[in-house]
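Multiple structures follow.
After this come two complexes, each holding chain A, first together with chain B and then together with chain C.
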Partner chain A sequence: MTSEYHFRVWRGDVSGGAFQEYRVPEEEGLVVLDVIHRIQQTQQPDLACRWNCKAGKCGSCSAEINGHPSLMCMTRMDEFKEGETVTVQPLQTFPVIKDLVTDVSFNYEVAKTIPAFKPKPREADGTRRMYQEDVDRVQEFRKCIECFLCQDVCHVIRDHEDNKKSFAGPRFFARLAELEMHPLDTNDRVALIKQKHGLGFCNITMCCSEVCPEHIHITDNAIIPLKERVVSEFYDPLAWVKRRLGL
Partner chain B sequence: MATVARSAERAEPRGTERQDLWWLEPLSIVAALGIFGVYTFLVSTANSAYFADPYLSPMYSPCLSSTCPPSERLFPFTIDFMSLSPAYFIVGLPLAFRITCYYYRRSVYRAFFSSPAACAVPDLRRRYTGETRFPFVLQNVHRYVLYTALVIIAVLWIDAIKAFSFPVTSAVSGSAGDHAARHFGIGLGTVIMVGNTLLLSFYTLGCHALRHIVGGSVDSFHRASIRFRLWSAVTQLNLHHPRWAWLSMFSVGLTDAYIRMVAAGWIADPRILF
Partner chain C sequence: MSERHAYDVVVIGAGGAGIRAAIEAHQAGARTAIVCKSLFGKAHTVMAEGGIAAAMRNVWKEDGWQVHFRDTMRGGKLLNNWRMAQLHAQEAPDRVLELEEWGAMFDRTNDGLILQRDFGGHRYARLAHVGDRTGLEMIRTLQQRAVELGIDVFMEYTLQRLLTDAGRVTGAIGYKRQTGELVLFAAKAVVLATGGIGKAWKVTSNSWEYSGDGQAMALEAGAELIDMEMVQIHPTGMIWPPSVRGILVTEGVRGDGGTLKNTSGKRFMFDYIPEFFKAETADTEKEADAWYTDKRNNRRTPDLLPRDEVARAINAEIKAGRGTAHGGVYLDIASRRSPDYIRKRLPSMYVQFKELAGVDITVQPMEVAPTLHYVMGGIRVEADTAATTLPGLYAAGEVAAGMHGANRLGGNSLSDLLVFGRRAGKSAAEYAGRASAPPAANEAQIESAAAAMLKPLGAGDGENPYRIQSELQETMHELVGIIRDESGLKEAIRRIQTYKERLEQVRVPGGRAYNPGWNLALELRSLLMVAEASATSALMRQESRGGHTREDFPKTDGEWGKKNIVSMRQGDTLVQRTEPLPIVPDELKKILEEGAKSE
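And now, the complex of A and B:
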């Protein structure tokens, strides 16, 4: 008898939906996205899912697999126990469009509120130089593939819809950290980070770092350094005196 | 089959589809911090058996009790406020450092506030303002308690160095000897105290706030090479901050327990005197 994968996939749209069960013949070397495609091909041609590169680089196939925000293309079927039911559902933080496809436009709206890179004037020889040690620090944040798994897992907006209007989310703190730490950038965004982007809402649960498929240390290298910059600007009297004295 | 709403106005409360033992980590944190908290309270209240020459418990260091042996007093004053044990005040500063520590915040919010208990598990609080309001906004004092923690680390290193200097009579009778005549030596307590201070140093010097202070605040490392080196060194320790946090917490308890048992005469401290 051929072994089968046992899947529970959420089907529905903005008005509601439910999990439906599927059985798919086992094959070697499959990932969850392959099984979803098998279901599309053989049982449910109208099953909606977003995907593109199938290599963990486009960030399209984000979903929740057994409750864990993950990329479907990077979750191998041999990670599951023999006979284990695999539950696949759309990202919980964003409104669903259909089945596994969600509307992530919240993120694009937040992106628009971040002041762009504003470089220093060129040096006398007409160049702008950046040194390796400075490149290394901000390069990590450039690895982001915008899969929005960190936004999805962040309980500040996942469980508290109201906070979406005052909290940017981990993906954008990584972006803000990249800009703030950039040696050639001249924009000061610290006040904005506190007041508009709501950095204070983050309580360092570090889930964003746990789910990042690019292994970016979002909490340690972006959020906490930004929190410390906010502390220097708003909560540290010694830092305030130092700034006033121009030290 | 149950219908689950998925619109922007989702049905509340939601559950989780996680099938792993996600509750094990918060439960372990509650147990570990609970046991350590109770132990700390009990030994702080005892105000006795914290010194077995030359070992001083880290929970009573710096020695500020009026019952401290003169040789152990680093400061020219004692704390005997309303007959309370000085350990309450001494333990208070490292406790504040740990409560406001970025790593412990993660653990405490998860384990004690279920906010959230684990990733992708619903936050139990209906309304959430994070660290924007009182009392959690006070977490921003972390860098100030770091300064006090650095002083305490310096004091603990002095204690660890003193733990190499044994009273002459102690090897024979086990009692405190003449402080004018002392032997250099190494006891099991010396090893424990040095190990404990090393772990506490790794934890404190790997602090996120220190990482910012020594170099993280600058945008161009190239123009601040010394700060870049300091930042790189702190970053190396910071990579393992959770590990140092837990190991140092347990080592403080174990060091205190060992010294307490030696002081009470329950065990003899094996030592080599030179």
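And now, the complex of A and C:
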């Protein structure tokens, strides 16, 4: 007898649902997403999940695997113990649509509230010069694949649905930090970060950084510097003026 | 029809081409919507790794649009639409700088400009990039720009048919994935930017989205396709373990110093330098290695010959028994560059191999084999306007054809998306501005499309769409793959007919809400249409050129080099004819010839 994987997958929609058990023959080198696809192909063609790149680049296949927010395409089956049951459920912070697919529109709405990049004028020779050292720290945030795993794990919105109105979440703190640290940007977002995006709700638990598949140091490199900036600029407008003038 | 919308311009597709088109149409004052099958920001473009080709001259002052134009035409085996290749080479640098204006952060040169890297078939280091995640940078920048402009985006909406009236396009209909409800978009102009057709093949770097919906919609609505035999097999896809087979290994690995080896450790590419590229390719390892740092005095390494050449060489090595047990060859950068350099230049390749294959590419060689990657053929467009042969319908990006001829150079797609996405958006907005309001949607067309969409749903015995898809993928892989011949192609065409018949019998259980089985059944229709166009065009072209290799006609043929194969529908049947290529004007011919002489 060939060995089999044991899967428990949440099936259902807004009106409710339950875990269902599936068995899939073992094969070398599979990831969780492959097993979900096998179930789709051979047992339940209507099992819903999202995916695109199958290589950790698009951030579509987010789910909770044994309770841990993960990318299904980057979770290898050989990480589990022989015979271990693998439980897959949709992200819990967002409303379910069907099976493993959730309504992540909250994130797209927050994105609309962030003031855009506004570059300063070009150099005299018509170019825009930026140096790799300055670009490096911004590029860290631009690696974000918008998998929303950090949003899923953050207790501020996971445990308090109401906070969604006034909290942008770690993904967007990374985005705000990226814009604030962009060497060419001239927009000012500090008041907004404090008032609208609810940076103050974050109590630096680091959970977001831990689940980020891109290993972005969201807390250390985005949230803490933003908090410092809010403190110095919100309560010390002179510091703000100086920074904008490059003094 | 449970949902109806009306816009001046509807852009179908939210990859680089679609978003760029929508930005342009919106800025020209047209009421514009973007419609896409996946979430916003997840299109194929996000996966692009290596870079955007543009002769910006930041690294090599010798570069210029003429050199880029020439490289593109030669890489395409001169089957390109010359005007598209010219516009592309001339406009790409401005399109890249525009991304920077919108917040993109490319890697930098020492003096603070956008850094450019080497890629196959490009004479100079030309690809603007961000490590090996350039597509992510590009799509995020465009996405954020579209958000800033407040463009309406409909995500997880799949459009299925174009509506037409009196010989022009009037909109499109489809369904919402999340609920399965049918939707209608009335539009004065439509831009198709739906990408490629790779999911018709078994081993591919492409995702589920690449089912050829745009090509199929265009065909059905009466527009023409060209060059459908021209598909690109990328030389380096992952091969082991089986579940990752086909996932792309960027050409940037070779651009940054990696080299191909067979199992005896031989750098075999030196044995496969074709006559056409002899003058410009290094013939010793010494010269090839020296080229990375001194391009003036050395010729390019054969590892970076155009993709069709490298893919055929790898295929030949494997066939000759010099491949690995898993059926690939080695791609080695570990023994040639430092671990730090590799991790800095190729971070996502490092993670991809580490996590998915358990291979540390700073220590071990990668195992690679060819994978279906891109379609050069597609919807026929007018170079300057991106207009298709159907009034009101425009096409840009991978779904459109002509720009890349018989073979696309790496990096030339991302730049193509920007250059022709912008042009398509502009033309569509202009057309919408001139056009009268579209006539009221044709209810009979809507009814029949709606009925066809709902047909596969229902309990009871029937064909499984996944099974038909996987049989189609086997067939295309085996018979319409890297090497083709007459009997194989005829067999493929025969089988495609039987899949079409079986598609009529497909039954999918479950409801309409987010039902991948049902969605696939509908996508199969497009897949079969594009697979048929590809196989029949391949049968017609009796020569080998670029992405199309015929075992029974192994040579390029000057006469065939002057013709495009046009596919169109007559009633329910697909028909093909040849048409002469647009003639290259003398001043551009000179560029092509001079370039060849100077090397």
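Operating definition for what follows: the second predicted complex is superposed on the first by the 233 of 247 C-alpha atoms of A that agree within 3 Å, B and C clash if a C-alpha of one lies under 4 Å from a C-alpha of the other, contacts with A are read in each partner's own complex, and residues count from 1 in each chain.
Note that in this section a residue touches a chain if its C-beta (ideal position, glycine included) is under 8 Å from a C-beta of that chain, and two chains touch if they have at least 3 such contacts.
The structure displayed is predicted, hence computed values, not measured ones.
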Touching partner for A:Gln89 - first (chain B), second (chain C), both, neither: first
Touched partner set for A:His182, first chain B, second chain C, both or neither: both
Partner chain(s) touched by A:Tyr131 [first = chain B, second = chain C, both, neither]: both
First, second, both or neither for A:Gly67, with chain B first and chain C second: first
Contacts of A:Gly56 with chain B and chain C, given as first, second, both or neither: second
Touched partner set for A:Ile145, first chain B, second chain C, both or neither: second
Which superposed partner A:Gly198 touches (first chain B, second chain C, both, neither): first
Chain A positions touched by chain B in one structure and by chain C in the second: 13, 131, 182, 185
Touch list for chain B against partner chain A, complex: 1-10, 14, 16-20, 102-103, 105-106, 109-110, 115-116, 119-123, 127-132, 136-137, 140-143, 208-209, 211-212, 216-217, 219-222, 228, 238
Contacting residues of chain A [partner chain C, same complex]: 13, 27-31, 34, 40-42, 45-60, 74, 76, 97-99, 101, 103-104, 108, 111-112, 116-117, 119, 127-132, 135, 138-139, 142-146, 179, 182, 185
Chain B contact footprint on chain A (complex, rising order): 10, 12-20, 64, 66-69, 84, 87, 89-90, 92, 95-96, 131, 133-134, 137, 153, 155-156, 158-161, 163, 180-183, 185, 198, 200-207, 210-211, 219-220, 224-225, 227-232, 234-236
Sites on chain C touched by chain A in the complex: 38-44, 46-47, 97, 100-103, 105, 107-108, 111-113, 130-131, 133, 136-137, 140, 144-145, 147-148, 155, 178, 207-209, 240-244, 247-248, 348, 351-352, 355-357, 464-466, 470, 508-511, 513-518, 520
